[in-house]
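Each of the next two complexes has chain A plus one other chain: chain B in the first, chain C in the second.
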Partner chain A sequence: MTAPTTTTGPGGDVTGPHLTDADVVVVGGGPAGSCAALVAARAGLRVVLLERGPFPGSKNMYGGVVYPRILDQLIPQWWTQAPVQRWITRRSTMLLTDTQAMSVDFRSQAWAAAPHNGATAVRPEWDRWLAEEAAAAGAQVVCSTTVTGLLRDGHRIVGVRTDRPDGDLTARVVVACDGVNSFLAKQAGLYEHADAAHYTVGVKETLALPKATIDERFNVRDRDGVDIEILGGTGGVNGGAFLYTNLESVSVGVVLKVPKLAAQQRRPEEIIAALKAHPAITPLVDGGELVEYSAHLIPEAGLAMMPKVVADGMVVAGDAAALCLAAGIWLEGVNFAMASGMYAGESVVEAVRAGDVSETGLAGYRRRLADSFVLRDHRKLRRAPSLVLSDRVQHRYPPMIANTIERMFRVDNPAPKPGLRRILAEERKRAGVRVRDLARDAWDAMRTFG
Partner chain B sequence: MIAACLKWSAATGGWSAADQAALELGLQHAERTGTDCVAVTVGPAAAAGALGEALACGASRAVHVVVDGDLPSWDTAVALSAAVAEAITVWCGDYSADRGSGSVPAYLAALRHCEQALGVVEARPGSLPFEVLRRLDGGRRERVSVTGPAVVSVEGAAARLRRASLRAQLADHSARLTTVAGPPADHLDAPVVAYRPRARQLPAPAGAVALDRIGAILHSGTPARRGETVELEPPAAAAAILDALTRWGYRAGGAAPGGATS
Partner chain C sequence: MSATGGPRSASTYPSLPFTERMATVEFRVHDRAHIVVDAAVCRDCSVRGCVVACPANLFVPTADGGIVFNYEQCFECGTCYLACDREGAITWSYPEGGHGVVFRHT
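The block that comes next holds the complex of A and B.
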């Protein structure tokens, strides 16, 4: 191993001929980083995976449902080893107003059997498992190590600087998987500008409850689990809420648009407290002991915020590249991170073998993203974040729909039942929704989700 | 030779803060007295990686007693005592990352027939004799002089483990790691996961105002139960202690030494 000859700044400039310490340095032991390291190590490259937490996953949080089918390509029969809490067999989409709740509840026992669909998992277990897979493939996993900057040779990225003594590490390619707000992608100049409106903050409480209580309240058995995505319940701040079942705990949380949260001067924990006090939610979470409170940013704007994902000597994957799919009733980040990490790994192997780790040599990464569900789903759902987080969808449609349904099912004898069309027209007016806007949003929704 | 005994936990993939402090004090002790520091772990194969970190931090050697499962504290102490037989001072953490009973250091001292200083909060190790500060009940402290071969167990705040350089962290340490087979262990059927407290339903506290209710939860204003002083012959005193521990729920009626897990 040969150290760089000169370094400067928070990162540094490296000059002079040198051999690299590793073929690939992967920064971040989240799902993206571990999948990238796994693929590159399996191909026989010298891979170092650097993670700032004491173990991979120790610092990571999310809502709680992972869709791991992409792992079919990486870890055959992954479901026999993955640290899963419950397999999702019930998926509800719930609409909340202050006093009302409406759910579309779907259940499929097919999802209880391999290869399953979604699963609840806790990140310290999930991320650690994936990192162990990377280590078993030959990647060197170094924890408690924060990358503080990039090393450059001219404009080419040739390694990273860490906070450890003697902590510079040179590599042929750096894979930045350092999560949302990636300092490495920013330092490499890959992000154009940061806009707070592109982010939501996710806040979650984990409440411990006995398994039997969860089974009974959520109407499930064995390892079956429930995913409830909620529109409303965010105290007037644009966003959404969720409630998931783990084995012996439930995760309840909210995802809130950052500028709206700041403007309304609300505290996220107050919003969760109000959500838990909602008559439709209280019976599900009552008596749960708070065992964890956590918060994290989500890159919510999809294509609108995506940086360049390739530079000379570097690729960016997962949340670091804003690849999380946050489109209303879909909040999928872990599968997008695992897939982009996998494609990053494949492209790096290709570039290293071809002896060209320039932006051109690494262009296979962009191509793989574009050809896969990663960018296809983002393209397909590109209007979803702005539609779902719009004021009308957030504040006007929920009472309109809930009041319409309430009146539809209300028995006001001796008055006869009113017609649905009339109720809808009245409730639309009461909610202050113009026909023109309703038609436009319906058209947008068709184009987005259709 | 100085030894540092470290309990690797599958739940966290590492050591407790107390074990880290033990390693740091062991390293300092070895540096000040010009001798070797050996890091010892009794644990599963996965613990080897953590011993690599101890070597990266500066331990001269590491011994991994491989056990595939969980050992009672007594058996852990027996396995450790063979590995640290030549050590003058053995540093241990006073609790492990998987919330064991903390009894291994005391058993180890008993097996080695040496001095013991348990629950140490401050130490400046050096040539014998050196002093350590122990935590006692009721916020009191005791200054103890270590005069000969000893087992010292330390709290996490006693020292902060140094950071290994990145180069040391990446280096291959396998030549300085000795692996020996340990005794057969109990297999845990359930996977080891990070400790998460179970939910308990408690009655709502009484009190008209919030302060009273908080007081009720914290038992403030309730006179603390004073300790009982009994004067008995040692065997009767030991029986009285065991009886009290059983009544308070710390012992499942008449467990033999070594019954607790490490």
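The block that comes next holds the complex of A and C.
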């Protein structure tokens, strides 16, 4: 990390493009910011990456799985150096009611070999590694520096104000990667308004267990790991739960829709306690020692909440641009952050070289997002977040499905086996699901995931 | 494992006091509060989503009907201001650079 004294600048009085402290100021040393800084620094631009924590990743928390293939373009053979806990070779999608559990369990040993698929990683390690890559490319990484606002010249954004003495820093372009709360995107007027219904809060426990215990309980070996996504297990609050294996710990937690959490009586740690007490979960986590408790907001609504991502002199990437995919069976964010950061970096390089850092000059960013998986996945899955978090999917379908399967497998002799259609019809009525709603949701699911 | 607290057993969790849960997390506390709560606005709020939703349990109702907020062990997540529907009740910013929560195992 570089000494911060070199970041102080002449203030907001910018009179020409060559009088700025830097070509690019990137705010936030998460995966979006580091990828943006890496690309811009490699192209020879003067890049300053500001991180408010004492090191990159120190403010960051997520469920626990990253899908890093986008890094193929930035760091060839990244898997030989990335700080990975375990490679995901088993994916379970689990449905929980108070007393029942149903899993769809998939494993592929192909994912144990390079280039792999998903990996568990902890963010203080992962984000620090990516920031070091940016620094190695020539970006100046400055930690322990909070950005408190934007510098403007008329409507143009010309830098940032930091909390250091004489801490104004001018730049031709600001890349706002300041996370889910993005006060910079809000200050620039890019968000219409923050709707609490668009956010979930992720709360988790990191529980230490010996590697051999994890291997045995989760039925894996070596660096192979398991990803369990759970519908239910959230104490009646709309959201979901998760359980991931790190090398010598497991991450167990819940993701809770903020307004629903706020409108009931159980606190997040009580909801996690109930999850850990579930008969399907206890044997996996029992005896784990709490090494860290943590929480973070998630922008959950996809396209419905996405802000404008380009302004005069500024682009927005990662969680700051709500680029997080919460689509039920797909839960991704770090890959969207890394990709949007990379595209932001490329577009900034293009704009600076062309001498036009206006909204028009930076429009290549929006185009790159639109042409890549970043916006294509979001468009394809635009209906998924509201469907997955809907009351029927959250509260009515899990007992309907679990009870149907329980009765299907229950051998109730001397009674003969009932027909599956009859069971399903009865359980649908018992769960209070109307046929037309079921049909509509099935149609929605087909359109969304098909 | 943690800088400020020892490991705790999950099987004994139900009796784990909240202070010990929070002791697993490192906080570098600055003397300026980065979040300020206006108790006068909170006084006539009956919803109080912040009290149940704050993962760090920093919003504490007082006997006289107010709210006491402790900023020291804040995750800086933002749940409170989203959960709050009272204009002006919560003034929210990030702590000074280098301060606040420091995650290690997230």
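Rule of thumb we're sticking to: the second predicted complex is superposed on the first by the 432 of 450 C-alpha atoms of A that agree within 3 Å, B and C clash if a C-alpha of one lies under 4 Å from a C-alpha of the other, contacts with A are read in each partner's own complex, and residues count from 1 in each chain.
Everything below uses one rule, namely that contacts are C-beta pairs under 8 Å (C-beta built on N, C-alpha and C of every residue); 3 or more make two chains touch, one makes a residue touch a chain.
Note that the coordinates shown come from a computational prediction; the quantities given were computed from them, not determined experimentally.
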Problem - Contacts of A:Ala137 with chain B and chain C, given as first, second, both or neither - result: neither
Practice task
For A:Ser294, select first, second, both or neither according to whether it touches chain B, chain C, the two together, or no partner.
Solution key: second
Practice task
Report for A:Leu362: first if it touches chain B alone, second if chain C alone, otherwise both or neither.
Solution key: neither
Problem - Chain touching more of chain A, residue-wise (chain B, chain C) - result: C
Exercise for the section: Go through the superposed model and pick first if A:Arg164 touches only chain B, second if only chain C, both, or neither. Expected result: both
Practice task
Once the structures are superposed on A, label A:Ser249 by its partner contacts, choosing first (chain B), second (chain C), both or neither.
Solution key: both
Practice task
Report for A:Ala188: first if it touches chain B alone, second if chain C alone, otherwise both or neither.
Solution key: neither
Exercise for the section: Look at A:Arg52 in the shared chain and tell me whether it touches chain B only, chain C only, both, or neither; answer first, second, both or neither. Expected result: second
Problem - Which of chain B and chain C A:Gln265 touches, first, second, both or neither - result: second
Problem - Partner chain(s) touched by A:Met61 [first = chain B, second = chain C, both, neither] - result: second
Problem - Where chain A meets both chain C and chain B, residue numbers - result: 54, 58, 124, 144-145, 162, 164, 207-208, 249, 287-289, 291
Problem - In the complex, chain A residues that touch chain C - result: 52-54, 57-62, 122-124, 143-146, 148, 162-164, 180-181, 183, 194, 196, 199, 201, 203-208, 249, 258-259, 261-269, 273, 276, 285-297
Handout entry: Contacting residues of chain C [partner chain A, same complex]
Key = 1-2, 7-11, 13-14, 16, 18, 21-22, 24-25, 28, 47, 49-50, 52-53, 55-57, 75-79, 82-83, 93-98, 100-106
Problem - Residue ranges of chain B touching chain A (in the complex, touch as defined) - result: 12-14, 163-170, 191, 193-194, 196-201
Practice task
Would you pull the chain A residues touching chain B in the complex into a rising list?
Solution key: 1, 21, 48, 54-55, 58, 83, 124-125, 128, 140, 142, 144-145, 162, 164-169, 207-210, 248-249, 287-289, 291
